[in-house]
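Letters A, B, C, D and E mark the chains in the order given here, with residues in each chain numbered from 1 onward.
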Amino acid sequence: QSMGPNEPHNLVVSTTTSLYDTGVLDQIEEAFEAKNQIDLYFISVGTGLAITHAQRGDADMILVHAPSRELAFMEDGYGVNRKIIAFNYFAIVGPGDDPAGIREKSPLEALEILVGKARGGDAIWVSRGDDSGTHTKEKGLWAQAGFEVSALREEDWYREAGSGMGKTLQIAEEYEAYTLTDMGTYLKYSEEGLVTLEVLVGAGEELINIYSAIAVNPDSNPDADFDAAITFIEYLVSDEGQTILREYGVDIYGRSLFNPVVELLKTGSDPTTAEWIEAAGFFDGTECPQEYRKGEYGLYN
Amino acid sequence: MIELAGVSKIYNGIEALKNINLKVERGEILTILGPNGSGKTTLLKILGALEMPTEGFILSNGVRVDEGNAEETRRTTTLVFQRAVLLRGTVRDNVAYGLRIRNLAGPEIEKRVKAALSLVGLEDLADRPSKGLSGGEQQRCSLARALVLECNLLLLDEPTANLDPESMIIIKQVIKRLSERGVTIVLATHDLKQAQELSERILLLDGGEIVESGRPDDLFLGQSSDMARFTRSENFFSGESRVLEGVARINIGGGVEIHGALSRGGPVNIHVRPEDIIVSNERIVSSARNNLLGSIFRIEDHNSIIRIKVDVGVVFTVQITRRSFEEMGLNVGQEVYLTFKASSVMLL
Amino acid sequence: MVSAILEGLVKALELIASGDPTLVDITLRSLAISGLATILASCWSIPLGVFIGLGKFRGRSLFKGLFNVLLGLPTVTLGLVLYLVFSRSGPLGFLQLLYTPSVIVIGQAILITPVIVSFVANTLEAVDPEIRSLALTLGASEVRASLTVLNESLNGVLLAVTASFNRAIAELGVALMLGGNIRGATRVLTTTIALETNRGQIALGIAMAVVLLSIVGLVNILVSQARRWI
Amino acid sequence: MIELAGVSKIYNGIEALKNINLKVERGEILTILGPNGSGKTTLLKILGALEMPTEGFILSNGVRVDEGNAEETRRTTTLVFQRAVLLRGTVRDNVAYGLRIRNLAGPEIEKRVKAALSLVGLEDLADRPSKGLSGGEQQRCSLARALVLECNLLLLDEPTANLDPESMIIIKQVIKRLSERGVTIVLATHDLKQAQELSERILLLDGGEIVESGRPDDLFLGQSSDMARFTRSENFFSGESRVLEGVARINIGGGVEIHGALSRGGPVNIHVRPEDIIVSNERIVSSARNNLLGSIFRIEDHNSIIRIKVDVGVVFTVQITRRSFEEMGLNVGQEVYLTFKASSVMLL
Amino acid sequence: MVSAILEGLVKALELIASGDPTLVDITLRSLAISGLATILASCWSIPLGVFIGLGKFRGRSLFKGLFNVLLGLPTVTLGLVLYLVFSRSGPLGFLQLLYTPSVIVIGQAILITPVIVSFVANTLEAVDPEIRSLALTLGASEVRASLTVLNESLNGVLLAVTASFNRAIAELGVALMLGGNIRGATRVLTTTIALETNRGQIALGIAMAVVLLSIVGLVNILVSQARRWI
């Protein structure tokens, strides 16, 4: 959009639903808009559609949590200047009585046990089945645990919701089933009393959930407001942005929904976690390989 | 068989019927006459239990009709609407409707429908869709639809409007025949001839009230002023009145001036009763102010009474006894004098 | 880039031609669910519409207004409310209907009730009031007379019913909230379209929409043909 | 002013009009008679450019009317439907409709609407909603709505059906007056009296064809068999026929048996022309097989012709010249013999 | 769990009573967008409905059938197709209307077009055909005669229009796909309801739905009052 310098820019950010639905972006928006002449337009859609928006030039940047698809996005020339902004953990949730007996197991071990029990008719798994970041993660987990998702899909206990996270949780609740969820949505639903499922496996390297921001490549879409996108990404990784991310939800849930990542990666205060992040969210040892960086913004200093 | 007691009907503040008391006997043909808007249709709808009176009540065979038992009354009564309403489907479907409702057997329905259609002369149109029918065909279809039911009480709202002369005669015959078989018939019409020929009793409505009621001949011949005003059939004239020396001179056209004991000037409508006119072969010299010469062009014999139409420029009807008629040896083409008093000229 | 639309059309033809079993499955389910919902809703909505359209009771216009307003009930909300009713902890949870096709049938039937009621009532009001009187004077009971009036306005009633079927098969909120878009169990055409769209599989989404519209077209043609025979 | 050439009209395979050729002159009153379904309404709709002929064409003031210019014709022509159709709103709204369309000024509209309403006697009902009107009120409203337009060509489809006698007279006067002012009027009616009194030319339709056309007196007095069959007014009888020795003996009720040169047995409809009957004071002994005694109860003077109604058990109409009438000195109440030949009995 | 519904009702009352500025903002935007869409759609749909309802051209029933079928167009699909058209790389992308209220107006107007067309056409078909003839013989032009017929069936036409408004304000797919549910810019009642529901804020979702229904009710009452004055 060609606006005068003093008029507020519209910055269109396509974001995954599970992130937007936590409400954290509303707070970030307020704080950011108070400082900048940029009007944030969050469009909350599925990961696939978010990427489509960016490809078609209808978004200036995206906020997603599916590293493999992020790489493809950049490789296709649509995105540049990827920046990890936060992380948390996916969780395997299930009925409190845990019929499959996976509580406190490691993620992959838990999945293996679960399949065994499920095949014996003692457990049900609900998959999001919508190619979202969470679904992508789930498929990765099954592969790591040595299962072929395409084969599992055909088994009776493996149900595909084809819906958002909230709906998937509700379905799992109804079926007294297990599912993989992001922490933000789970906590909200749990807090609201919509689900009574419990977190059975809630940590571990395999469950790490990395959120990143990617600007739309101005070469692919000259109309994209690249400068504003960088300004917002810079803000997200700034101290102020990171603080909001860390503190969001503490008052409600008694714990934070997102963990700030900048500090952690820079200072090495938590080497194990940093290692996990790098393993799951870095490409060729970096957040954003050199060829997908654009301009001199000091994002990667 | 059916009786109305103190019936009034008000539609949105419009008083269509006022305090009607009426008893209809089994097998009689009762005709309702009256100007437009006088309540004929409303009366028929109430007799047919299609509308409930605002005040008063209806007794059907001694039982009071209300919303609850109206359906029973309607099973043995049927009304042919003034304005034919046809259902979707063919003419045959329409006529069969009431029989289907009564769950008659198919062949029985077919037989009766066929008979009813041929009665009204619509047998060739049985399979025509009802929508394209001509006005008279619609009317006949709706008559057949009612006749086929063989109800005890048949209510007809201007049954012969839109009918051609042949159909009109047929319908009259049908009505007569039904009545002979004990069916009670109440009909509203504007066809005075039909009313006179067909009915055993006539009711004249005006402004929702019964203003006259009696046998046809009594009403038509010994015309009361209500009936006369309504029928406008004889000796009604419109003209310009000039009042001179207390007498109105009224020019009624055809070169005729009438003197009336009126004090109104300007355009007036007047009436002279046929009984009030004297016929003579010679000019009568008397106090009567009106003296007109004309020629007889029609003579009608009504037993003891003879009615003569005389053209004096306009047409006057005169009513005399058979005796005077014979004594005077009147005949058509003959010239006669008509004499009547200024006080016989009535203002309407 | 409108090529995506063309691509969708081509894909639709391919899918239909290949007789893709998933597609057939989803399509038949959609048809069955929305068809049943329409039949079910008609059972109570047509009489209700007749009652409101021909009745002469106090509060009739209020009642009519209510159904008009209910036309404006968002499907998400209806879905949500019914979800609360049918969820395990809800009053009808014991029926264990949530996430089954049956509950979508119920939900869609409720959704389209105001459509049928409103339009049937309105159609009947437009019929010459003399038709009812005529039926009565020919000896019809009140109920039979109402049926006759209904028959006179069959076109309007059929339009109301087909429109409500179209609305049911095209709605998403109820199917998603109550059915859950579970593959092989409650996935219908609209939930598939929404899923594919969200996945960014635009061509596929459009292809499914083309299938949906074809189905609707087919059903409408069949109904209007059937109408000739009535 | 308007002319039809070879006009046919087919509705879904139903031939409503067949090859009609007709010229209507400015200012004339043309009446269309004909049985139900004979095409009267269709003819009026075509004259009013509301329907286009299936074959043939209409010329309006010499210009051929087609879909394109029909609107022009309709601006100067108006049709009052057989079945009154009223628009939403009040009586006044209805009557003002055509004037509003013509963008007349408000006060002008008001003035003309008021005049038209008082013409048909609806001034008191001006603000009534059109929906609750009685049948005749509807008819009058729809007449007023047409009259107010002051069109050159006024088409009336049974204008007096449903009207009370007073309104009927008024409408007849209005029609006469309009015609005198140069308005062309074509009207369809079943009221034979009205047709006879009002019109300058009569057209008899049957089965979509013009079967008769001419001046009223010619048609009504020198009745052609088509006209006679249509009007059913005189000497039409239905009865049972038994054929004995080549002669049909037909019992027509009232104790009267007629001998006819017919070979058909069973129920028959027959007609005897009034001109074919001889009247005599004494019984005539002749070859004529029918010889009936009855009494005169009505005599009508039609200038050179006199028509007499004789009751012989059923009513016969006889037509004789004034000369024989005078020579015989006939009068009402008198007994006479009617004589006619078996070959004068026509089967219908 | 049905307590959530009650809670929603209470919350709705609170929100309305407090005159919550966000709520007011969203509500007014919904009203403006759907109201404009209805007016816009009426501009072309009523004439089209009249044309189809009264016209006597070949293919009329096909045309009518087409609009009946379009009643069954899912809002997601329409949203998607229009998104492709208005997307920056779409044919109308240069207009830069995506994610503005204007494009929702356009989208909803298109969505409700078949509703109005179908029902106007049907209503007009039900009017006594003599009305048109009457208008013509009283000197009306073809257009004027059509208007007269329209006026005779004003009830049906008004129902079509209010029903289409109700449909527009209750739809989600178009508002979401074209508007993007952007806070303070394109957020309307239904997108808020969907958002709150997804967020697990069920009571809030229901509260918003109550607001929506109240608005619809109010508009319908106003229209039916206005109808009396026509």
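Keep in mind that, in the parts below, a residue touches a chain if its C-beta (ideal position, glycine included) is under 8 Å from a C-beta of that chain, and two chains touch if they have at least 3 such contacts.
Note that the coordinates shown come from a computational prediction; the quantities given were computed from them, not determined experimentally.
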Other chains in touch with both chain A and chain B: C
Common touching chains of chain E and chain B: C, D
Label of the chain whose CA centroid is most distant from the centroid of chain D: A
Label of the chain whose CA centroid is most distant from the centroid of chain B: A
Chain centre separation (chain A, chain C; CA means) in Å: 37
Centre-of-Cα separation between chain D and chain C, whole angstrom: 57
Separation of mean Cα positions, chain D and chain B [Å, integer]: 20
Two or more partner chains touched - positions in chain C: 1, 87, 177, 197, 202
In chain B, residues with contacts to at least two other chains: 83
For chain A, residues contacting two or more additional chains: 56
Pairs of chains satisfying the touch condition: A-C, A-E, B-C, B-D, C-E, D-E
Chain C-facing residues of chain E, complex: 1-2, 4-5, 61, 65, 68-77, 80-81, 84-85, 87, 89-91, 118-119, 122-123, 125-127, 153, 155-156, 159, 162-163, 165-167, 169-173, 177, 189-190, 193-194, 197, 202, 205-206, 209, 212-213, 216-217, 220-221, 224
Sites on chain C touched by chain A in the complex: 1, 83, 87-88, 98-99, 176-177, 180-185, 187, 191-192, 195, 197-202
Partner chain B, residues of chain D touching it in the complex: 11-12, 14, 34-38, 40-41, 82-83, 125, 128, 132-137, 139-140, 157-158, 161-169, 190, 192, 230-233, 295-301, 306, 322, 325-326, 329-333
Contacting residues of chain B [partner chain C, same complex]: 45, 48, 50, 71, 74-75, 77-79, 81, 83, 85, 87-88, 97-98, 101-102, 145-146, 149
In the complex with chain E, residue positions of chain A that touch it: 1, 10, 12, 17, 21-23, 26, 29, 39, 41-44, 56-58, 164, 166, 185, 188-189, 191-192, 194, 221, 223
